[in-house]
Structures are given as C-alpha cells and as structure tokens.
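Take this structure, written in structure tokens, and hold onto it; I'll ask about it next.
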Amino acid sequence: MWRSGSWWLTLALLLGAGLSPVITGSATLREDMFLILMLITLASSLNILLGYTGYVNFGHIVFFGLGGYIGFYLMHRHGWSLWPATVAAGLATAALAFALGMIILRLRGAYFALATIGINEAVRAFVANFEPFGGATGMSLNFAVYQAYGGAARALWLAYGALLALALITVGISFAVKHSKFGLGLMAIREDEDAALVLGVRGPQVKTLAYALSALFPGMVGVLFFFKNGNIEPGDAFRLHLSIETLVMVMLGGQGTVWGPILGAALYERLRGYLLTSPLFKNLHLAFAGALLLMIILFVPAGFIGWLRARFPVVRRVVV
Amino acid sequence: MNLLEIHGVSKRFGGLQALNRVSLQVAEGEILGLIGPNGAGKTTLFNVINGVYRPEEGRVIFRSQDITGRPPYEIARLGIARAYQIVRPLNELTVLENVMVGACFGRESRSLREAREIALAVLEQVGLIGKRDVEAARLNVAEKKRLELARALAARPYLLLLDEVLAGLNPTEVALMLEVIRSIRASGITILMIEHLMHAIMNISDRIVVLDYGEVIAEGTPQEIAHHPKVVEAYLGDPRLSQRLLEGNGG
Amino acid sequence: MDFRVLLASLIDGLMLGFVYGLAAMGLTLIWGVMRVINLAHGPIIALGMFGVYLLFIHGGVNPYLGLLIVAFLGLLFGILIYALAVHRVLTAPHLSTLLATFSVNMMIIGVGTALFTTTPRNIDISLGRLVFGPVVLLGTRLVAVLAAVFITAALYLFLYRTTLGKMVRAVASNRAAAELMGIPSSRVLALSFGLGTMLAAAAGGLIATFFPFTILSGGTYELKSFVICVLGGLGNPTGALVGGLILGALEGLIPTFMPVSYVPVIEFLLFVLLLLLRPQGLFGER
C-alpha cells in the first residue's frame, strides 16, 4: 500500500479537497465539505460489505444513528469529551455489528437485505422508546458544552478536522482491504459463496469481520455529525432513506472499487445540492435522483469507475 | 496407507436415499475412479467428503482424522481440494486472482505474495499462463475447466476431488487434460475422480468403485470392473461395448 | 385485564389485518413469480389511496366504485413499471432489482410530494356502525374486510381456474420449463407484476376510507407487508392473508399490554427472528 502510487494519488486528492476550507477559512465551504466527507465515509464503509463481499445492506445507517446516540449519550449525560466519545461509539457499533453479524449473515441475498431493513426499523422504534436516550424527542447538547473546545466556532472546525482524518482512514482501510488476502476472501464470497467455502475461505468469520469493519466508521461519523448538529432524534438518526441514498452513491461511482464510493458520494451530493437549489427541480429532486439511479442500474451497472476500468484497461493500475 | 476412509455413510434427501451405507478407501498416491449411472450418488458423496452435506450416519476419516460434518472451509484447509463438474469460476476476478484464492485459503494458507508465485507456477502447469490477467468469465469452457483444476491445485492438497473434469471437452482437450491429471498424480497428489467418459477413466484409474442407487456395487481394477456382471447390468448395459472400451484402450 | 376491551381490540385488529394481508399479497405474489422484492410497494399503496381520494373529491365517484378503477389503473401501472424498470435486470444480481424498484419508489415519492405536498388528506365517509356489547364494528371496516375477501377469492379463481392464471403459476414454479411449453414468459411476468401492484393499490384505496394519509404513508404499510410476507412465507398468497390477520391481531392486542409505541419494536424483532428461524414462513415446509 505504501508503495502504491494509486494510494498516494487518492490520499493527495482527498487531502487537497479536504484542506481547501481550512486554507480559505470559508465556513460555507467547510459545511459543504463536511457533508461530502461524511458521505464518502459512509459510502466507502458500506462498500466493504456491499462492493467487496456482495451483501446488500439497506440498514447501514443504523450504525450511523446508533453511534451518534451512544456518543451523544456519553457527552450529554456523562460529560465525556468528543474524542473518547467518538472512539467509544465506533468501537461499540463495531462490536454490536460483530455480534449481530454472527446471527444475520447466515441469511443470503434478498433475505439478508430484508433483515437489515428490519433491524434498522426495530432499532429506531426501540430508541424512540428508550428513555436514557431521550425517547421520541431525543437529546440536545447545551450550548455551553462547546466552550470546552474554545467556543462553538472552533468546535465546528475541530469536528471538521476529525471528520477529514476519519474519511482518510476509512478510504485507507478500504484500499488496504481491497488489496489484502482478507479482501480476496471477501471478493471470492461475492462471486460464489459456496465455491469460496470449498476453496477454504472461512465464510462466517470473514463476513462477520467485514460487517464489523463496515460498522466502525459510520458509528464514529454519527458522533461527529450529531455533535455538530447539537441535537439527535430517532427520525434523523435512522433515516432509511439516507441508507439507500448511500447505496445509490456506491452504485453511481462503482461498487467494489476504492474510488467508486468517493466519486459517487461527491457527485451525488453535488447533484442533489444543485437540484435542491434549482427552482425547476426543487420539488422534484427525489424523482430526478430516482430516474438517475434507474439509468445507472439499467445501462451502467458497474458504475462510473467500473465502466472506466472496463472500457480503458490501461487505467486499471491507477484507477482502483 | 489409506489417505481417505469412508465408513458406512448414508445421506437422505426427503424420501430419496442418495447414499446408503457407502464405504470405500482411497490409498495414498492412487487414482481412484468413481463411476455409476446418473443419480447414483457420486456428487453427493463428494459433497459429504468435503463438508457441503452432513451425512445422517457414517464417518469420513481423512489422514486418520475424523472430519465428518466439519464445515467445508476447514476440510479445505486440511488438504482436500475440489474441481466442480459445472465450473464455478469467480467471474469478475482475473484468472490469476482465482488461482490465488486457492493458494491463500488452501492447505498451506499462503500470504498474498507467496500465493501469487504459486498461482503463476500452477497456471504454467495447466497452460493458462497467457490468460492470467483475463477476467475468468471470459474464458471458454475448456479453459474454465483448466482454471478450476488450477485453483484446486494451488491449494497444494493431499487429496484432489475431480468431478467430471473431462465432460464437454473435445478429444484433443481430453488428451491434454489426462496428461495434466497424470502429472498431478506424479507430483504426489492422490486423486478421487468422477467420470462418465468410460475409456478415459478405465485408462487412467488404478482402481474403480461403482455406485448405483446410492450403494457400492463393485470395486476393483478397471479390468475386473469391466467384467463384473453387476456393473455390466447396472451401468454399461451392453457387455460387448464394455469389452470394446477396455480392449480399445489397453486397460 | 378487562376481557371485553381485549375482545374489542382483537376484533378491530383482525379487521385491519384483512386489508394488511391484501397489501402483502401483492408483494408476495411478485416475489413468488419472479423473486423480486418490490421496493415501490409502499408508494403504490399510497397512489391507491390518492386515486380513490381524487376520484371521490374531484369526480364525486363513490370510493368503492373508485376502488375498481384504481385497481385497474394499478394493474396497468405495474405492467409499465415491469417493462421500464424490472424486465432488463431480472436476471442480474438481486441488488439490481432491489435498486430498480427502489428507484421507482423515489420517482413516485418525488413527483407525489411535488403534486400533493405532505399535508394529510382523508376521505370523509361513514357507513354507520354495528354494536355488539363492547365490540363496535365500523361500516367502512366491515366493507373493507368484505372487499379484501372478495379480491382474494377473485385472485384464487384467476390463478387456479383460468388459462392465464395457470400460466402465471407455471412461470412461478419453473420459468425455463414454462417457456419450453410455449408460454410467453415476459408477458406473464409483466402481468404478474401488474397483479401485485393492483393488490397494493386496492389495499391502499381501502385504507384511505378509514385513516388519514399522505404520499409517504405507504412506507408504513410496506414495512408491515414485509413482516406479513415473512410470517406467511415469502411467495405464498394464502400465507400473506393469514400473516395479515396475525399482524392485525398483534396490533390490536399489544397496546392493551404496553405503550402503543412498542408495537413497531415487537413487529420488527419478530420479523428479524422469523427471517432467521423460519425463513419459509410459519406454515411453510423446509
């Protein structure tokens, strides 16, 4: 990985884009980039399960929501600082995914996809009833909390910096997994799970590990997002729609590639931003995104990066 | 010494008795042919050996170890590899990556870098080296069969299960494949193979076991099998045909 | 626990269960015939609601007459969805069909939100009520139960007594073999998809006669349909109806024991557990 030009190129591009708000000091640009980096992290981590392992997960967002809640709970009720709360929430969601994965990864195909929807909805309904997490109304951070970070303005920059680091780590892990023995096992499962088992791939363990890994990052992003947001409630935390939009991003860019989720997340967010601000499409942005998704599925199922790699084999060494 | 021993294995699917108290032994270093009419239970037996199915009764002993009912990936790592009748290439991976999967997760559990070296050597052996960067889905049938074999070999197994690897090949390709199988045995790997192509299996096997309706009905050298009345009745149908096959290929 | 309250809640839940079952039957039929989970199921239920509503408000059409028109439009709409979004990806990995039907979901919700906003609507009709001691039977719900039973019976007559229906079953059990017998499988698949959406739209139309709704309301019933299909076994229409009754009974009974907000927690836990333990449904054989 450290000798791969492709990795350094990926890192340089991401870092350049990520640092642009810091250099210009623009808060507007920072807010835009916050959203894009968050989606890149969500899409890249989803890609570990969806793109590499071939398991369709409609409930990726459950880890984002749960992580957000756990972090928020630690900060709000126990006065933890943002950093340990973020790490703890990530580890907690990963551990939870590990336990959950041992059970539900026995399901395959559409059954697994359905189960992930069920889990998202069950957790959402449970949290809405769970008093320590504030029940249906959720929790809000007292404005004074931000004083510990040198004021609200500085806290937002800190959260942004943390997110940038997290996005780089997620993409790094995604790259490392794709080029590892672990990743080869995952891809063998994606292509033909039964054949992979017979070839010696330890299916249950490998899948569970991939699921836990893909849950680690959204758990941490959730904390950063809701810290910046200042409040958390079940409807925002477990939005099934965001889960599926993340799937669309991965598909758009190209599932199973490192660059696909990055490009897909950035493109989708830009497009959505444009549609939302354009008077013509303002009310129709969802319909437009749906039509776009359908076009991709019907005509470019490999996504943009997948198409590029298939069309121009020369670029394969760089475009990963 | 026996590498593999199967003791009284039975497997039912609903009302169908697919295997009924099947027992057989595979000696180290031999090629054992497994023949029988369609539906005799040959592929089911393979599935029991490598852990895809758990038998209702009986034991599978591999290298003096009871492996009955263990998951397929553990059995693969103990040193049993398999090539499927219906090829199952990992379509979107390249030929090289396919073979690396075998080396990475097989008996020797190699690192990615070592697996690459092994895979290249095996691809050379089966004559697919020129296609190493091609997506597996793009190979033709004969190439896919060789890929299937290469992937199994890269695992460096003690025992190789071959399920009709000759089916669908033309005579030249069959001859080529038989050469490859002989060279595999020469490298010290024991082979248990299912085959419908009679002259080929008679030609290459040291011993043959015949299954019919889930039971072992005969066992012996190719010559003995070809003259065995039960086999002639159950499988070959025409005694003259079996005679001709045997003579035509020098037994 | 007051037995009379329990009985009243149970009966109320069971009556809703018939309509839930009808909606779920649409989902399960499509899965049974072509192994596609229709993620546009919810918005189609919502379209059924709006169809009956618009005919009633703007055309003065009686809701139950409107239901027939909506059912027919639902059939045509389903055939259109199949042709545009599903047919091409039917043999692709299941992610493709899931996302293709979801893209239809997004389009309907997008256009629907733009046209109708998300202000709740309701159809204001009353068919009186029957009172048996503690049990109150609302006229609209009784008619909905009858309609659901009638539609189910019609579906079974179609599937088992007509040539076309037999073709649908043939394609469901083995598409390749059905094609060899000369059955035009593409058309039969399109028809089956249309039947599935027809059932969903009809169920939506019935629900609109007793609950207020928005274009987003279908989502709730879609999730309920998933639970019901898994209860009854994916692909089994009778199972869907029974599953609907079970879910209706649960929804009637659970609030008498604990806060009503726990209903979805229990429903979805049950759903995941069933997927894990009995993916073939409560009554299916392995």
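Letters A, B and C name the chains as they come in the text, with residue numbers starting at 1 for each one.
We take it that a residue touches a chain if its C-beta (ideal position, glycine included) is under 8 Å from a C-beta of that chain, and two chains touch if they have at least 3 such contacts.
Model, not experiment: these values are computed from the prediction.
Colleague: Chain with the smallest distance from its CA centroid to the overall CA centroid?
Modeller: A
Colleague: Weigh A-C against A-B on C-beta contact pairs and write down the one with more.
Modeller: Counting C-beta pairs in contact, A-C comes out ahead.
Colleague: Which chain has its C-alpha centre farthest away from the C-alpha centre of chain A?
Modeller: B
Colleague: Where the centres are mean C-alpha positions, what is the separation of chain B from chain C, in Å?
Modeller: 49
Colleague: Report the inter-chain centroid distance for chain A and chain C in whole angstrom, where each centroid is the mean of the CA atoms.
Modeller: 32
Colleague: Report, in whole Å, the distance between the mean C-alpha point of chain A and the mean C-alpha point of chain B.
Modeller: About 44 Å, centre to centre.
Colleague: Provide the list of chain A residues touching at least two other chains, using ranges where the numbers run on.
Modeller: Residues: none.
Colleague: Would you pull the chain C residues touching chain A in the complex into a rising list?
Modeller: Residues of chain C touching chain A: 35, 37, 84-85, 88-89, 92-96, 98-100, 102-111, 113-114, 223, 226-227, 230, 259, 261-262, 264-265, 267-269, 271-272, 275-276, 279.
Colleague: Given the complex with chain A, which residues does chain B contribute to the contact?
Modeller: Those residues of chain B that touch chain A are 50, 52, 71-73, 76-77, 81-82, 84, 88-93, 97, 100-102, 104-107, 109, 111-112, 115, 151, 155.
Colleague: In their complex, what parts of chain A are in touch with chain B?
Modeller: So the residues of chain A touching chain B come out as 179-181, 184-185, 187-188, 190-192, 194-203, 256.
Colleague: Mind listing the chain A positions that touch chain C in their complex?
Modeller: Residues in contact with chain C: 50, 54, 56, 58, 103-104, 106-107, 109-111, 113-115, 117-119, 121-122, 124-126, 128-129, 136, 244, 247-248, 251, 283-291, 293-294, 297-298, 301.
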